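As written, the chain order gives the labels A, B, C, D, E, F and G, with residue 1 at the start of each chain.
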Amino acid sequence: MESLIIILVGVLSTVAFYLLLSRNIVRVILGTAILSHAAHLMILAMGGLKIGSAPLLGEEAETYVDALPQALILTAIVISFAVTAFILVLAYRAYQELGTDDLEEMRGTDNE
Amino acid sequence: MGINDVILKTVAKAVVLIIFTFGIYLFLSGHNSPGGGFVGGLVLASAFVLMFLSYDTETVKDAIPIDFKKLSAFGVLLAVLSGLGPLLFGQNFLEQSFDYFNLPIFGKTEIATVLIFEAGIALTVVGVVVNIILSISEDE
Amino acid sequence: MNNIILIPMILPILAGVLLIFLRTYGRLQAWTSIAVMAVVAAAAVYLLNAIQTDGILRIDFGGWTPPFGISFVADSFAVLLVLTSSVVTVICLLHALVSTDKELVTMYFYPTVLFLIAGINGSFLSGDIFNLFVCFEVMLLSSYILLTLGGSKRQLREAIKYVSINIVSSWFFLIAIAYLYGAVGTLNFAHLSVRVAENGQEPLLTTISIVFLIVFSLKAGLLLYFWLPGSYSSPPVVTSALFGALLTKVGIYAMFRMFTLVFYHEPETTHNIIAVMAVLTLIGGSIGAIAHNDIRQIAAYNVVIAVGFILTGLAIATPDAIEGAIFYLLHDMVVKALLFLLIGTIILLTGTAQIGKMSGIIQNYPILGWSFFIAMLSLAGIPPLSGFVGKVLLSQGAIDSGSYILLAIALGSSLFVLYSLLKIFKNCFWGETIVSKDDQVPLRRGFLVPCLLLVALTIGIGLGAEGLSDYVSDAADTLLNPQVYIDAVLTEDFQ
Amino acid sequence: MNISTISEYIGVLLILAGSVMAVISAIGILRFPDAYTRSHAATKSATLAVLLSLIGAFIFFWASENFISVRLLLGIIFVFLTAPVSGHLIMRAAYRSNVKLTSLSTEDALAEALDKKNTIEQKEG
Amino acid sequence: MPAQFLLNIMIGLLWTLLMDETAFYFSTFLTGYLIGLGIIFLMHRFFGTKFYLIRVYSTLKLLLIFIRELFQSSISIMKQILSPKLDIKPGIFTYEHNMEGDYELTTLALLLTLTPGSVILEVSPDNKVFYIHAMDVEKSRESLLSSIKTFETAIMEVTRN
Amino acid sequence: MQLLIFSILLPFLTAALIPLIRRRIGNFNIGWLVLFIPVLLFGFFASQIPMVSSRETLLSSIEWIPSLGINFTAYLDGLSLIMALLITGVGSLVVLYSIYYLSPTDSFPHFYAYLLLFMGAMLGVVLSDNLMVLYVFWELTSMSSFLLIAFWYHRKNSRYGAQKSLLITVFGGFAMFAGFLMLYAMTGTLSIQETAAVMGQLTEHALFYPAMFLILLGAFTKSAQFPFHIWLPDAMEAPTPVSAYLHSATMVKAGMYLVARFTPIFGGTSAWFWTITIVGLITLFWGAFCAIRQTDLKALLAYSTISQLGLIMSLLGMGSAALRYGNTEAGALYGLAIFAALFHLVNHSTFKGALFMVVGIIDHQVGTRDIRRLGGLMALLPVTFTFAVIGSFSMAGLPLLNGFLSKEMFFTASLNAASMPGLFSTSWGWLIPVIAWLASVLTFIYAMIIVFRTFLGNRDSKAVEKRPVEPPIGMLISPAILSILIVGLFFAPNLLGDHLLKPALEQLLPGISGASPDSIYAWHGVNTELLMTIGIVLIGSVLFITFDRWKGIFKIQPAGWTFNALYNYALASSENAASFVTRSYMTGRLHQYFFYILLFFIVSTGGTLLLSDALSISFVQDAPVSIYELMLVLVMIITAISILFTRSRLSAILMNGVLGYSISIFFVLFRAPDLALTQLVIETVTTALFLLCFNYLPEWKREPLPKRKKARNAVLAIAGGLVITLTGLSVNSADLFETISSYFQNSYELAGGQNIVNSILGDFRALDTMLEGLVLFIAGIGVYTLIRLKLKKEAGTDGD
Amino acid sequence: MIDIILTIALSLFVLAILLALYRIIRGPSMPDRVVALDMIGVNLISAVAVFSVLLKTHVFLEVILVVGILAFISTIALARFVERGDIVEHKHD
């Protein structure tokens, strides 16, 4: 299963990379969103998907899955949300001011 | 013909009520089952999202006159202060304590300082999410 | 009292949050921030001396001992950086008193700066790789705001790139942490060090270290610096000064930490890659610095050059080179702040950033001109200013290790630094003045005092280098002897 | 087979029924000709499918662990409450964004009430 | 404000139930009550209308009617899905209902939407008229209208006295 | 005795005082105040002559950075005393002269501050025993020279000259710095004296020659040796007192000083000998050759200085051979060259200083320095004319003037070098005296040009409006003193030789007795040297008279083919090239930057993975896969890929939502309820945010990318994904360590929580959580400010 | 036996998701996609419930309600977006 998830992460990354190479800011943001999905899955897979109970001691199970990666992912999820929110609004403001969502037109020139 | 949202609005009232309850439940029960400050806060925030979707911003703001920026700041403040509290007792920063008390009505109850910390987090989450949505939707 | 270690991060956070409630009180916000940063600096001084007597200090958050909880580890290297960044911030904030628009102040400029510092100081002190990630994010988010605060077209345009690239680099960070956790199963730096050493840093771990290298290179602007010139040259003066002085340093710090404490077993791979990257950075930065006629761009490429310069120290990794790199790091924080403050002030006064559009400013603003002159010499490593000692030590390291190409390119880059800044000095400060004494915008004392303080610092560090050398050599010792760090963090059970 | 085992099986079979219905309604949204009719499939049979599976799970837990899950009940109520609203809103959105009714349609009473031309702009992708 | 008081009790109960404890503890209920107090305080401006006593019997009856209708509707939809050839004639028609107030109207709309082949597409701005999209207008208009009537009566039994 | 160190610091302290008192004291007085300093110092150093002539030295030290061995150690011996006397002596004269030379509109405080800065720095250079401290002062001389050249910084040429001198001398300084550090690496000491003591054993060291050449690079740039001489003519933009002081008498001699100082360290090797001698001779010849064609008097003097510096340099080179032969006759004969070098160094300062002051007077009184416009000044400026004659003739090496003595010695040395048997003598040795002689002929010619073209002939009264008169007496004092010295040294050379030159020489050539002549004679009888001088005068006179007929040879060298042109071209083209290179990759295109990053990731990480054998994949430890999990993976893969092909951003967001929901189901499947909850809510709120912003953003357009680029991007993306996957699989296959997480399973006992994840978040790693809350909060603030802060005016920082 | 049935049921729910995904990808109209997404949300609820039964654990029951809540919210948001563009109404003063 771990390998399968890692391959899935690879596919998600590929898609995201391709989006990052795009000229449209929304595509780029979308790419970053997909990237964060991939990262979370990767952390999960790296923690090992051992058979065990959810990390709740009330379950009174023999084994529990690794809780630490879960905590890390949770933190990462919230952070990537914060960042996504910011860049979205940034893109929107940039569109307001610059009148474009095309990164090609956001190059900026030296002598201005 | 204008759009009539009566169905949505009516159902939203009930649903928001459920979400609120559920959110607070999640917040409080996080210590021992899924939930906690973040999740609780997020679910509470989603209740607000639903309100904004169903009503307009003014209605919601009139109904719940809170400055969400300050709420979120207060949340962070609470979390930090709850971390500083233990220093007064010679403990470490962010050291959490818990104990079990026999309260008159509640019986044997666990009281953990982590709740204060998590409350801070929850308030932050609610404040921020609502603040973001309000900021965007109120932009002229 | 190890709780002092909290001050550099927690105090700015606390103050920042409180200032949110005082949004309309601009002056109060400013002076509170300055006071807070001064306290942080004082705490850092205290810590530095405490480390000299008691060794590395540590604080365990929540009382959980490493490797299970998160700890802040204050060694000389970290605290020196904390100290310098705090001092530089105090001075930049003094400049902000006069140079920052009211509108910016009511839009949480000061709290954001405090959060930025909290993130930076947290990154320096953190003893846990994931916590480092989180501290990075605190810093980055704050930097995003500062970068966009003001909302000019140029700012927004550059912010899009800056934010996007940082998101991707943070993503690589997460992936790297995932790999590392998957392979080594722990997050604490000291514990990582122990386990990687136990394993002998097999090829897989080296591969993972390369991912970290990419992450920190992106933050530090080592080779992957495309984002840097644009974003460092677009925000208002104080923000660019803080960026130029502090931001890349965090990436540099992390790289030093990572490749001296954890991944130091395969220098043939890792350090050689760093060396190649540093060389390319020096070359690219040098070329960029002389390519432009926009003084902001010139300053920004100078940041790039410094990054390359400092990392040659890591690539060489002899005690001298590391010590030199640390000296240079401290120097660069001070003098980059100075450079950006000066350049920002020039732009404020003249309304342009183009070399061709200004002339003879030194007649109107002599102190500004001389400050720039000294900054220029200091950046070029001309003695006896602050860049000199670092340059001496780093060059010694290069010679001792036979890295003559590195030496040549590092020294050559100084010449490019000099040339690029000379271009500004020659064309902007000298020449016929185009503004008569009566027409010139009066330069308020508030603009000059911070610059002069930084000038005094760069001279002071240069002349008084001996005063720092104990701390710096202690910092280098710790970096080169991971066991010192490990002993300070882990009990024997985990070693 | 005691009563609780039988109840467990009842629960599980309800779940199975629910899953079959889910697939059928999924086929529905593939087969039906326009957004409106697909919405019918979604709001009705899918809702029933989820209700069946939730009730099945409820019964199973009740039978096997004597555990009455209020969360499941609440989930059921919630779906009851919200699924029709979703259906209503999607369909209205479709109509307001000028999604064509299928050619099979026979009457459109709303068209007369709505002066479409100057209210809604094309929102489709 | 009896309605809100009632609501508060409900939240308390809800809370108790959510806790999934083996027995009913008054303490748990009290916690829920206190929390409910907070929520209602937060929300009280939403409750401009009064809250009527719940007619348990009527409600149950309504529920039963509804479940029956739901099954019927679902089954008929599934038949249509699985029939080899799609034999439907969808369309939109209007219905002027007899409900009063948002709650009645909403309840009816929800029930209608969940029953065979019909979804409320729009409500007229004066709340009087439903625009209903039906799967098969010709075949089911009559049965639809009759079930609407059934619902209206059942709802009124709950809400009015 | 710390007085020595104080003597270095005194000018600095005075310079620092000037800005403080500049408001109180008018322009004029300050020069008189400043004059006091060099005079005082000259007195101090003069008082050390007896000590030095009795072969004693003076050492004085203050700690600066002891941990690096960088200490402020001042060392006074013959060589440094000669230099110190020159610095303070000529310095006094120049200050005096400048008081009259500068115009009232010039900023006296700046001028004197720079001059004092230079004086202190120069003293530091010649008195430092510590290599690093020497380097510090070395750079300071470059800085003060830079400031002085650009004293009239409103002139374009001044700025150009200042920049050029700074770039070239700092370049040399850096090289020298590296050389010093290499020395340090070899010897472990920064003290020059200690280095000299141990250096003998280190000639085989790998760094020996690199260090030598780097240090020579420093010396050559500073002393304007070919081809680095190009900065000196442009430095003539400085006020003439500065030219007299820095660019002829002192600073350019720092390179000479350095070579002399390092002779005991490197001398005796053929590399040292040949490098210095050849560079010196080329400079000597080339400088003289160029001097002739100059029409600006100052430029002529600049090239003449270059030439003379080359002369001294070549002498130092030839003399270094003495160390090879040690205390033999050969050693003594070679050693004479160094004696000559030191002697000429002093002499050059006197006559060149006088000549610069003369030119300054002409410029000051006549208003031009253009030879073509000058003439016939003898009658009008008789005193000045006298000085000019003395200076020029001394430079030409004519008898009765000190230049004659050292020129003769120069010939002797070059003849020695050519004829001496041994290692250094090659079949090309005869070229040395030939070049020396040819250069001297040229020197004679330009010396005559100075005298005859300026003071004799007809005055072009149209070109020069006002009728020149002698300058104020104050301006004549300094050249007068120098002229007296020129003559005086001819008649009493041994005063200098015995008390200063000999002690210096003994320091430089330790153990070689007889290197210095017993005494300096003007008359050696009719020998080769004398014949050479006579030849110079004869041939030189003929050539001077027929100058107009053969000056066409200067046209042989194409106009663009000078080192100066090369310098200008290099600067301009490197800026253009830099601009081109930078623009070519810093395009401002985000996608391009991502391209670089990805490429670097693939190459570095992928490369390491493959090349270091890190890649190993096994599925043994994997958890089993159920059918529904497989299907869910399929759902995600399909969704992800279709995002690429969707034409509407709304669909893309929807699909992103599907991805998010699917991940939350994975979280459920992998027993992470907290994650599932969080992921669900976050995904929804994110979608809501996307929708909120989309209302304002335009629908996305199709990418107008050519197929090839699309394919390139696709390949890169796939390669990136592959590296991610392969590394992940390798990590998954490696089973290295147990994770630390079993500890957290005691969370109930430790932290009172049954939810381990939550206990980690709220307790074990509460700091992360707190900061994460802070991050969220900052983002909230950021969004708020982004939207609310719309400055009306685009700030001044913005040009677009 | 129970586990087999449950696994089949779970797979069927995921199959339903897969089918709905087809509609999301194909469209053609945006409401079609929203309908499909809504349906995916509903099926996720079931899937989680079934999985809970399969593992005999209560810890995921919270998830059920949350999926319900959020599927509802996102459906409303999307519908509003399709219908009006601005998903949160703001009365301009």
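Side notes on the structure shown:
Heads up, the rule we're going with is that a residue touches a chain if its C-beta (ideal position, glycine included) is under 8 Å from a C-beta of that chain, and two chains touch if they have at least 3 such contacts.
Remember, predicted model here, so these are calculated numbers, not experimental data.
Across B-D and B-E, the chain pair carrying more C-beta contacts is B-E.
Chain centres were defined as the mean of their Cα atoms; on that basis the chain farthest from subunit F turns out to be E. For subunit C, the chain whose average C-alpha position is most distant is E. Of all chains shown, the one whose average CA position lies nearest the global CA mean is C.
Taking the mean of the C-alpha atoms as each chain's centre, subunit B and subunit F sit 63 Å apart.
Annotation: 25 Å between the Cα-based centres of subunit B and subunit G. Remark: subunit E and subunit F have CA centroids separated by 86 Å (rounded to whole angstrom).
Inter-chain spacing, taken between the CA centroids of subunit C and subunit G, is 47 Å. For subunit D, residues touching at least two other chains, in rising order: 25, 27, 39, 47, 67, 69, 71, 74, 78, 81-83, 85, 87-89, 91-92, 96, 113, 124-125.
In subunit C, the residues touching two or more other chains are 13, 17, 20, 61-62, 130, 134, 137, 141, 144, 148, 151-154, 160-161, 164, 168, 175, 178-179, 181-182, 187, 230, 292, 354.
Under the contact definition stated at the top, the residues of subunit G that touch 2 or more other chains are 10, 13, 15, 17, 27, 30, 34, 58-60, 62-63, 65-66, 69-70, 72-73, 76-78, 80-88.
Subunit F meets subunit A in the complex at residues 583, 587-591, 594-595, 598, 617, 619, 621-625, 629-630, 633, 636-637, 640-641, 643-644, 649, 652-653, 656, 659-660, 663, 666-667, 670-675, 678-679, 682, 685-686, 689-690, 693-694, 696-698, 700-701, 703, 705, 713-714, 716-718, 720-722, 724-725, 728-729, 731-732, 739-741, 744-745, 747-748, 754-757, 760-761, 765, 768-769, 772, 775-776, 778-780, 782-783, 786-787, 798-800.
Contact residues on subunit D toward subunit G in their complex (touch as defined above): 8-9, 11-13, 15-16, 18-20, 22-23, 25-27, 29-30, 35, 38-39, 42, 46-47, 49-50, 53-54, 56-57, 60-61, 64-65, 67, 69, 71-72, 74-75, 78-79, 82-83, 85-87, 89-94, 96-97, 99, 120, 123-125. Contact residues of subunit B toward subunit A in the complex are 32-34, 38, 125, 128, 132, 135-136. Contact residues on subunit B toward subunit G in their complex (touch as defined above): 3, 8, 15, 18-19, 22, 26, 33-35, 43, 46, 49-50, 52-58, 133, 136-138, 140.
Within the complex formed with subunit B, the subunit C residues making contact are 3, 6, 10, 13-14, 17-18, 20-21, 59-63.
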